[in-house]
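Each chain gets a letter, A, B, C and D, in the order it is written, and its residues are counted from 1.
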Amino acid sequence: MEGTPKRPSNQELLLNEILQEALALPLSGEVANYIPALASVNPNQCGIAVANLDGQVHVAGDADVPFSIQSVSKVFGLALAMLRMGDDLWQRVHMEPSGQAFNSIVQLEWEHGIPRNPFINAGAIVVADTLVSHYSASKNALMSFVRGLADRPEIAVNQDVFLSEKQHGSRNAALAYLMKSFGNIEADVEDALDHYFYQCSIEMSCRDVARSLSFLANRGVQPHSGDTIVSRRDAHRINAIMQTSGMYDQSGEFAFEVGLPAKSGVGGGIVAIVPNYGVICAWSPRLNQYGNSCMGMYMITRLAEKLGLSVY
Amino acid sequence: MEGTPKRPSNQELLLNEILQEALALPLSGEVANYIPALASVNPNQCGIAVANLDGQVHVAGDADVPFSIQSVSKVFGLALAMLRMGDDLWQRVHMEPSGQAFNSIVQLEWEHGIPRNPFINAGAIVVADTLVSHYSASKNALMSFVRGLADRPEIAVNQDVFLSEKQHGSRNAALAYLMKSFGNIEADVEDALDHYFYQCSIEMSCRDVARSLSFLANRGVQPHSGDTIVSRRDAHRINAIMQTSGMYDQSGEFAFEVGLPAKSGVGGGIVAIVPNYGVICAWSPRLNQYGNSCMGMYMITRLAEKLGLSVY
Amino acid sequence: MEGTPKRPSNQELLLNEILQEALALPLSGEVANYIPALASVNPNQCGIAVANLDGQVHVAGDADVPFSIQSVSKVFGLALAMLRMGDDLWQRVHMEPSGQAFNSIVQLEWEHGIPRNPFINAGAIVVADTLVSHYSASKNALMSFVRGLADRPEIAVNQDVFLSEKQHGSRNAALAYLMKSFGNIEADVEDALDHYFYQCSIEMSCRDVARSLSFLANRGVQPHSGDTIVSRRDAHRINAIMQTSGMYDQSGEFAFEVGLPAKSGVGGGIVAIVPNYGVICAWSPRLNQYGNSCMGMYMITRLAEKLGLSVY
Amino acid sequence: MEGTPKRPSNQELLLNEILQEALALPLSGEVANYIPALASVNPNQCGIAVANLDGQVHVAGDADVPFSIQSVSKVFGLALAMLRMGDDLWQRVHMEPSGQAFNSIVQLEWEHGIPRNPFINAGAIVVADTLVSHYSASKNALMSFVRGLADRPEIAVNQDVFLSEKQHGSRNAALAYLMKSFGNIEADVEDALDHYFYQCSIEMSCRDVARSLSFLANRGVQPHSGDTIVSRRDAHRINAIMQTSGMYDQSGEFAFEVGLPAKSGVGGGIVAIVPNYGVICAWSPRLNQYGNSCMGMYMITRLAEKLGLSVY
């Protein structure tokens, strides 16, 4: 077949069509600017990838450009901690939606240092703390896990982002010390935060993210390798937490309008799970008022509508 | 076929098996006792019904005994208000999960009188207010809607419960007056509360509830009548709100363990929607610490496990 | 002495000087406008009165113009309830400063319906409730008490203000119903609120207010009559609550800058107690961001500085 | 007069009488036990000292035993920061009472990292931060200030307590990092906390504390030296903050029952200022539920009653 260009699949045609719609929208939103390393990204990049359960990945736009996955990393951290800790994890972090950002610190106070769920920062810091306590080298353990899932040993952390996160991490330090005062951080606060900021600084492409989390759409089994990553039950559980708590204070609206479990990061990435179908990852750096990618939201919403992907 | 007893279906055998398991559990939980009319119910009653999309209803136990549907009525109120108001409704109530009960009143303060979602009391009172404002006789309108959905003109309100709710409704009055002070109650506070307490006092059986809400599992179309009750999109949306916010402060855990949209009431009823499959309603009066029926939770969880009903 | 005009005292010269300074300030602040009846007052009025312990009252400006005393009435209500209830009152309302306005409703929630002190609205509503419960005609009882203290039977309620308060009282109703839900309102909520709004609508002049509260500067004994109104201990206690909680969220700053127990109202009146010296009442309708009279604050601050009146 | 024992003054007789009353009370309260170094103190110690404006100090009981002054040190830190910073200090910390302990962290959130007053921990940490930023060696500067005020170069920090405070300081670290995230900590958080814990660990006797703060009862001038420590205005201001905010969540009650500016510490010390009269310091380690010394409260209350010391 040498010389014959690969014909785009129907799904790629659809992804490209939706990508063009997104790019044609009036520009809105702002790139995350709380750290310089994130603020300097080219804001006009936009990509989408869909990993199907047959192992194929369809893409459009900048789907192979690595971006800072930020809070999308909370899914990887959670999966690894569930594997390592079993149900004991749920003694230290709840699985309830959290209400508004404003309340995060008062809820910690009210609930004696137990975060509402693993996808708010406080909860992800507890998850990081369990990894630090249960692995001799938790950062390596997580990187191995992520690289294995994506089948891409090149995946790495952006050191500039990592250092910048640590320098601007006072609010997360406040959450961690408050939990420490309630006895819900076992390791040194500095070590738990170090792991947390490290995982936030991982860079992956849309293709990487969609492929690596395919097991969540497939009852725990990674389609391209056949490996069981987590139990069927735990795959369902991770999806459930993504559904109720994955999109910051727009989680309810996302369930309402799109109807898929999803997790977002301030790097502009959004991953959505379509049970028994596949995983979508969209990325574009401009964020709406809730911290979710404007174009990412648009593309996933359109794709779910067009293909009737809602779980409801 | 006279003289031939109807043979139980396989599904009824399964429902009965699960019901027996539930009845054999160590007793736990307490009947709601904030009003005398609820406290006097026989606590050992237990029933379950599954309405399938072919119009059949399978039952076990006390599935035909009318009980006080309480907050399950919020689903009916919401559906009617969505029909009547369209998307304007969402200017007055949000669709985000609410965090803890403790915060309900401070969140109203913080968000200027806009409740987090229609399934917390404040949100349901706003929904009641829209019905009062848009219908000349909102209580009749709601009863007609419910009776029509269930195809059962006998469905009625328990007057003792209704009066008792009004007498013990100070906290709901506080929420309503706070919203009024922000301009988010249009009618007289007394009228909005009157409607709200009225709908809480409706009595229905498991069979009634399951049948009446079948359209939510069927993209908005009532299976037994073929009538389109709400749009496909609105059916999905109601399910989404049930998923994130329907089970009080156990909503996240229910999504996590069961994976179905559901709504609970302190009368001991729980309704769960299984998209493209049917509707389950379980009832038993003893409540756990979150206000959800202990045996009801058990039966729905077991049924979902055995039949693999999770949306994830 | 007929025909001989009274010569102004030195104190009146000082009061006039300070009044002129206040009138010469750049205009700032806004008249309370949450009810029309208050918004229509002439905003440029300004008066001050000092009642000394020898029974003399020195005045300047509009010191004889009746104004809506609003929250200044909380001092009268409290004194009457302390007389009637004794120390039992303090089971139902605390005596601690309250922090910010924002928290008033969450603090009620957190402290199970017991208000922080009698000078926040929730606390004054509890005080009103005790009066309603302990007097067959609590409004008459309070009016008799106030008229007797001022030795002025003409003192009356402004009916327009009273009705207007009731119509715009949703937030106060929310507080009252929340306390009712905790069992801390004994009477009907409507009756407690009726008394509360009634006492807020009393009209008195600066001279009236200063004279009527002279007993607080004189260990409980009314100077002009020699009557013991409250015990020395209770006079001290009322002053203490005024010091920590009398000036809304500017109470700390007022103690810091002026050093006198005081109580303010949104009608523009401020009364300050100078132990063993006398009582100052200043009035002018324009309010600062905290709800305290701009010119009133200025005049009392200046007078306290010039005469060295701080209790510290 | 050699050989003639000094006759106790009338005031010493009174102090001893009150001390005996306190010792005869049924034991109540618990020694602070959040750090081992404090928990090991002999709980039955009890002392009182009164420094009069003539320079004399009258004492009873263990008035010369050094104790951990803990939060009483906030008065020294505040006075030094007011001297060094002038009114700029009040841009970074307010002067309003704080409401309940529960709210401390949410109030910081709500008011963007500006603490309510310098006597809650968050406020004292900001004060510590200003000292760290304005002195090359802030801990030495504070020790010099305190030793000079007391005229006692021997005053020192208990190193065990200091290290123990640092090890158990997670909650204070949480407050500090939260303020840092709002830009209201200038130095490194670790340095501000180091200074803060250091000043809490100073040990002084009742006599030391009463003498050293005598300037607050004397319009800013230290009686025994004649030195002006702070302006008259600033002495009044410090007293005012002590009055509204010095006794934790019992500040209002203390103003109500005793009527004196005061500051308490969890080491069991309480200092009360009697303007134009003198300074009282009482100490005994057992604390009531608010963190105030049970016997200390008793002795100061009795003395104020017997001598009529209330400012009201």
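Note that in this section contacts are C-beta pairs under 8 Å (C-beta built on N, C-alpha and C of every residue); 3 or more make two chains touch, one makes a residue touch a chain.
Protein names from UniProt, one per chain: A, B, C, D = Glutaminase.
Only a predicted model underlies this, so the values are computations on that prediction, with no experimental measurement involved.
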TODO: State the chain with the largest centre-to-centre distance from chain A, centres being mean CA positions.
DONE: C
Task: Centre-of-Cα separation between chain C and chain B, whole angstrom - done: 49
TODO: Find the geometric centre of each of chain A and chain C from their Cα atoms only, then give the gap between the two centres in Å, rounded to an integer.
DONE: 57
Task: chain C and chain D, separation of their C-alpha mean positions in angstrom - done: 33
Task: Multi-chain contact sites of chain D, meaning residues that touch two or more partners - done: 102, 106
Task: Chain pairs that touch, as defined at the top of this document - done: A-B, A-D, B-C, C-D
Task: In the complex, chain B residues that touch chain C - done: 102, 105-106, 109, 170-171, 173-178, 180-181, 189
Open item on the list: Using the touch definition from the top, list the residues of chain C that touch chain D in their complex.
Closed with: 94-100, 102-103, 107, 110-111, 116-117, 235-237, 239-241, 243-245, 249-253, 255-257, 259, 261, 273, 275, 310-312
